[in-house]
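Look at the two complexes coming up: subunit A is in both, with subunit B in one and subunit C in the other.
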Partner chain A sequence: MEPIDTSLIDWSRAQFALTAMYHWIFVPLTLGLGLIMCIMEAIYVRTGKEFWKATTRFWMKLFGINFAMGVATGIILEFEFGTNWSNYSWFVGDIFGAPLAVEGIVAFFLEATFIALMFFGWDKLGKKTHLLSTWMTVLGATFSAWWILVANSWMQYPVGMEFNPETVRSEMVSFAAVALSPVAITKFLHTVTSSWVLGAVFVVGVSAWYMLRGRHTDFAHASIRVASLFGLIAALLTAATGHQSGVDIARHQPMKLAAAEGLYEGGTHVGLVGVGLLKPGVNWAHPEEDPFLFKIEIPCGLSMLATNTPDGYVPGIKNLLEGGYVGEDGLKAPSAEQKMAFGRKAIDALRDCKRGTDGEQTEILRENFPYFGYGYLKTPEELVPPVAATFYSFRVMVILGGYFLALFAGLLLVGKRIAAWKPALLMILLSIPLAYAASEAGWIVAEVGRQPWAIQDLLPNCAAVSKLSVCSVQTTFWIFAVLFTVLLVAELCIMLRAIAAGPEKECA
Partner chain B sequence: MTYTFFQEYWWLIVSLLAGLFVMLMFVQGGQTLVYALGHTEQQRRLLLLATGRKWELTFTTLVTFGGAFFASFPLFYSTSFGGAYWVWMLILLCFVIQAVSYEFQLKQSNLLGTTTYRVFLMVNGLLGPLLVGTAVGTLFFGAEFIIDKQAIVLPGEPPVISRWATPWHGLEAVLDVRNVLLGLAVLMLSRCLAHLYFLNRIEDDEIRARSRSMLPWEIGLFLVFFLSFAWFWLTSAGLAVVSVPEAGAGVQEVPCRYLHALLDMPAVLVALLAGVVLVLVGLLTPLIKPASRCGIWSAGLGTVITVVALLLPAGWNGGIYYPSLANPASSLTLANSCSSPYTLQVMSAVSLLIPFVLAYIVWAWHALEKSPIQPSEVSSENTTH
Partner chain C sequence: MYDVRCTIEKFARVARGFGEAVANGVLAFFLAPEQGSRVQCETMSIRGICKFYRDGFQRMTLGRTLWCIILLKLVIIFVVLRVFFMTPYLQGTDEQKSRAVAEELTNRN
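And then the complex of A and B:
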């Protein structure tokens, strides 16, 4: 097979990463701040106090500014599957399209309809109807996260499908298996609860700024109280769902786990690295030399995570490529070379089975299909994702997860006394960018860690990409880079100005 | 229910979404009229307030249209989006800039200034309908793609199923005047609908008077573009699947492709005529009865019906809905581009939610729009949002 120009793949990936990461700046705040706003409005409806109405409206104003950018950056992603990953779109369209269509029909309309009521309906609707609109808007946003994460999880862990040689694509055989895949549920829960954390950090951060300035202190206290309780619960849930994500990748994407842990040579009683510094330029084939300059680890932690026993075997990058260890299923794992041979067999069988009429070839295809994607690879090295990016992002996310837990717990303990403690307020304010860092880092672990796959084991990027000129993709990359950056700066200016202006009089 | 039934059902849904989208593009039309109809800042804000409460619905319909097309006819999605790259990218870009503009235009410290965001809205209003219309034209008159599903397993070839035959990646569609005529017709229709919408919604005598005086010209231009498109549409030769004795089914050029399709499907023909009449009645209402606010209802409904009736004969009855100019055998029919029977069935079950979705949209519109927008709302709006 003539390889596709690697720079086309790289630029297409870069464009997807750019647009997805920009989109992800806005989504978690929509999910997190949205729910906080819902809670505040519920307090208003219960207590009838104008103070809570003004508080809700202030956060809603910031929500609106952020939401617009989420919409603007999101539309690109939906169509980018087609524009830049056309082969992929055909190969999985039968499965992937359904969640996207449901997302449109069920979730987007809920969001788009009720958001207009939420913003424009304060004077036109009854209190309870307005509250319902706010909840519906946020519910719509959360629903849409559900469906798109179903799609994403399917790429990490393809279930509920069968390959049809006649149509040359994967076809869905069970919608329930796709929509309720355990990986999808974990991913949804981790993504949404971690977004709640981000929303809570945003609210306490902005409130801390008012305290530093000695402005709107009642408003700031009230906001911190709601957000830190909410944030604490969210951070606990994030840690629990994050742990489950780790268990999932240990089971379904061992290479991602190995990369996230910098584990070149596996074994039993493997520790979980807490912090560590990787030696640059380590070669997976020679892990005899320690890949770490230094590390602090939890003994047997990784074995526990992956196998639930302290002496469980966890394969490293080298083992995954060389095979030969006994897997969970009790069988000897094939080497990368063997998997590539199975993959080529599957591809050859697909070519020869002349549209599914030849039973013998169809059987060969079926047998080897789990390795289909390996047939497109040239060398085993291609199977190793960028280790450093995955490893460090994982640390950033998890360590910050611990920090946010402590932050919210501390805020709840200290209560109103926090106002007197300037350095702490400054630290809380500076936590806002950290929450974004943690959230983006999570996606880097999930997406960089699964390279080279567009669909785990079935379709590598090189067989997923659209045939375009590199120059076209470069041009759109730079258009998006410039446009989104300008719009982001505009958004930040508007946001800062709205924060500086503060809430309405009732809160002052 | 057969596989063919589900394919045709989904083509109907996709057509319906397209029809709703074209109707809702009155928002885009309205954006191009902000300066022509609004001579004071107060009036411009009023106009943008009227479209600003609706733009998200148009946008969402576009996104859902994309999702539904992907889910039901993935080969179209992968072929057209991946191939006509530049057309779709331009369309997307002009919707990206729309999405921030309503929110940002009146905010303080918005970096680019109010005028820039209004120019963004103008660009979206002009290019959106024009490009979408032109792109839809290629469904009738063909595009430059080649499909080979075997490419994914052939040695010596990059494993890409759908390719584009020109380096222009879709931009070449403007060289076919028929596509451009459709684009211009959609643009003018969106402006006409916007006038009708403003006449219905806005309580400002100056704006209403200006709309009424502009309307005859806009209608005239719309008719010129639409009727020329319709002429080409009915009379152009086009590709069709023809069964040849012995050789089986093959793709051949047939004369008056769409005229024949309509004659084969008289119900669609009747719907098309009814749609066009409804549009005309709606457009002429304010000219005949200046006090009437109802034109938008008839014209809006007529638009949806007309668009659906234009698209149905493309896919129904085994027709080719996306002809390939580069390689006729690659042309797309519902049967060769659709999802598996199981997926179509599952999604059909989901589509039963659509009436429910429509019901709450109608409820929400009604709750917000009990009475037309008063000029006094402009200042209060600015502080609330």
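And then the complex of A and C:
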């Protein structure tokens, strides 16, 4: 038995989180701003007005800056898999490799070809042809996101695979099950639609700045009109897909849902907490103590979300650890202790298989494999994710989602009169960082909420991490922190300078 | 009786037609000149494509700075980080890697 230093796990996780969150600064703007510029160019092609061409070109320039700064930041995540999470990388086998390879080949070439046509082809291609290349660039980027999200979804809901004890790898048995798992579909839709919201907030925010400065006001009005209509639709879709994400986690990751709701003791007629303040230091073993200092909730909301009935049973953290309740499948849920025992059996069977395969051990491994990861846990408490981080991030995301909806609806109602209302313009400008906060908070819910798992139920972080020295992971963490800060400052400078320069004279 | 051969032949004809249409479309799409949708032979060559890219790169302004940053980033990522800091933990043949991971996974519980 070789215990893994918990600070090694923490530093490796911190490094991955830092890289993923930095990478995620660029992705949603690429997807969101990309589609807005597609729409603007379509308006140009339809109306033939040079004004819309210049408007599109301006947003395309900002798109280009963001795209260039984001390029290759995702590769570092792949390095981290191989260096810091080597057991995980090997264990996932071709399940991770296949979607990423498809992404690399198809989407990259699609994007790389059409992006050149889009930037270089303004005076060389016909209007419609150019419009098509703009759409293809954005569709290519969205298609890339699909494959990455398929890989992420598999970690949340591992389907379409079989574990091979010979190679100690997961082997794909159904590409369709992996690529089209319900979790992957919802994740893709929610991620993409929420990225559209971010793109729309960015456009209205930058336009509000021009209005505050009294510059390029026609351009700013036109951009706000397009972006707020687009943003309103996107925000509605985000809420709908977010609701479906909630349904999915209720079904496949009930502990994440319990953490996101601060639900220690489950039951029937469970309310959905709208806003609330958690009492610090609540222990799951004593749920009789109210975990909230205060809360406002929608009665029966969580029961409705999880079971589609107002009196449906939703397990809380304590129930999930103690088991004994009847699950959706009609079976009695095992306790965490029982799952840990099954997991240990599976690991022992794997050990025996490796010593010299005999059919019985393989069978024992197969039977207990759904609980494989539980065998690495020492106490049931390790199954509880950080409740406060998950709970508050969820509220930040959803409340901001509501705010963006109101913002876009308000902008559409007010129309050009917004120009006269300076405090509102300032608020719109300040909404840009809020959109990033909502988007990053979404990932905190999705990833922190599923701790301690690297792969849900199959591999916890303590088994997934490479046995490196803590010092080396700390060193690379700080190298990345400095590198990302420098690159981010560079991007912000270039982006701000481009914004300050404003659109071409046709828009002035 | 259902004629399999005939169906396959029909399918092949449709597929060939579709393939040609896509190929023509892609070429036309790539190289259609501003003036119209008819593909001109002169531009429909490798030279045309190279010229398109060369002109594009030459006319770049802000793009130059962005390309410099991209290249610098790639050098840092692939030359510095990959070689000195982020080397793959598992080395050797697949057989050796699988043995190493099995060892780890069966000893950590």
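Criterion: the second predicted complex is superposed on the first by the 503 of 508 C-alpha atoms of A that agree within 3 Å, B and C clash if a C-alpha of one lies under 4 Å from a C-alpha of the other, contacts with A are read in each partner's own complex, and residues count from 1 in each chain.
Here is the rule we go by: a contact is a pair of C-beta atoms (placed from the backbone, for glycine too) under 8 Å apart; a residue touches a chain by one contact, two chains touch by 3 or more.
Note that the structure is a prediction, hence the values are computed from the model and not measured.
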Superposed partners subunit B and subunit C on subunit A - clash or fit: clash
Contacts of A:N283 with subunit B and subunit C, given as first, second, both or neither: neither
If touched residues of subunit A are counted for subunit B and for subunit C, the larger one: B
Partner chain in contact with A:V106 - subunit B first, subunit C second, else both or neither: first
Which superposed partner A:E171 touches (first subunit B, second subunit C, both, neither): first
Partner chain(s) touched by A:T309 [first = subunit B, second = subunit C, both, neither]: neither
Contacts of A:L132 with subunit B and subunit C, given as first, second, both or neither: second
Touched partner set for A:I479, first subunit B, second subunit C, both or neither: both
Touched partner set for A:L496, first subunit B, second subunit C, both or neither: first
Touched partner set for A:G64, first subunit B, second subunit C, both or neither: both
Which of subunit B and subunit C A:T6 touches, first, second, both or neither: neither
Identified clashing stretch of subunit B versus subunit C [9-17, 63-71 or 99-107]: 99-107
Contact residues common to both interfaces of subunit A (with subunit B and with subunit C): 1-2, 4, 61, 64-65, 68-69, 71-73, 75-76, 79, 82-84, 86-87, 89-91, 116-117, 119-121, 123-125, 129, 167-169, 347, 350-351, 376, 462-463, 466-468, 472, 476, 479, 483, 487, 490, 494, 498
Residues of subunit C defined as touching subunit A within the complex: 29-30, 32-34, 36-37, 52-53, 55-57, 59, 62-63, 65-67, 69-70, 73-74, 76-77, 81-82, 85-90, 94, 97-98, 101-102, 104-109
Residues of subunit A touching subunit C in the complex: 1-2, 4, 61, 64-65, 68-69, 71-73, 75-76, 79-80, 82-84, 86-87, 89-91, 116-117, 119-121, 123-126, 129, 132-133, 166-169, 343-344, 347, 350-351, 354, 375-376, 462-463, 466-468, 472, 475-476, 479, 483, 487, 490, 494, 498
Complex contacts: residues of subunit B adjacent to subunit A: 53-54, 56-57, 59-60, 62-68, 70-72, 74-75, 77-83, 85-86, 88-89, 92-93, 95-97, 99-100, 102-104, 107-112, 149-150, 152-164, 167, 169, 339-340, 342-343, 346-347, 350-351, 353-354, 357, 360-361, 364, 367-368, 370, 380-381, 384-385
Interfacial residue positions of subunit A with respect to subunit B in the complex: 1-4, 57, 61, 64-65, 67-69, 71-73, 75-76, 78-79, 81-91, 93-98, 100-106, 108-117, 119-125, 129, 164, 167-169, 171-173, 175, 347-348, 350-351, 376, 462-463, 465-469, 472, 476, 479, 483, 486-487, 489-491, 493-494, 496-498, 501
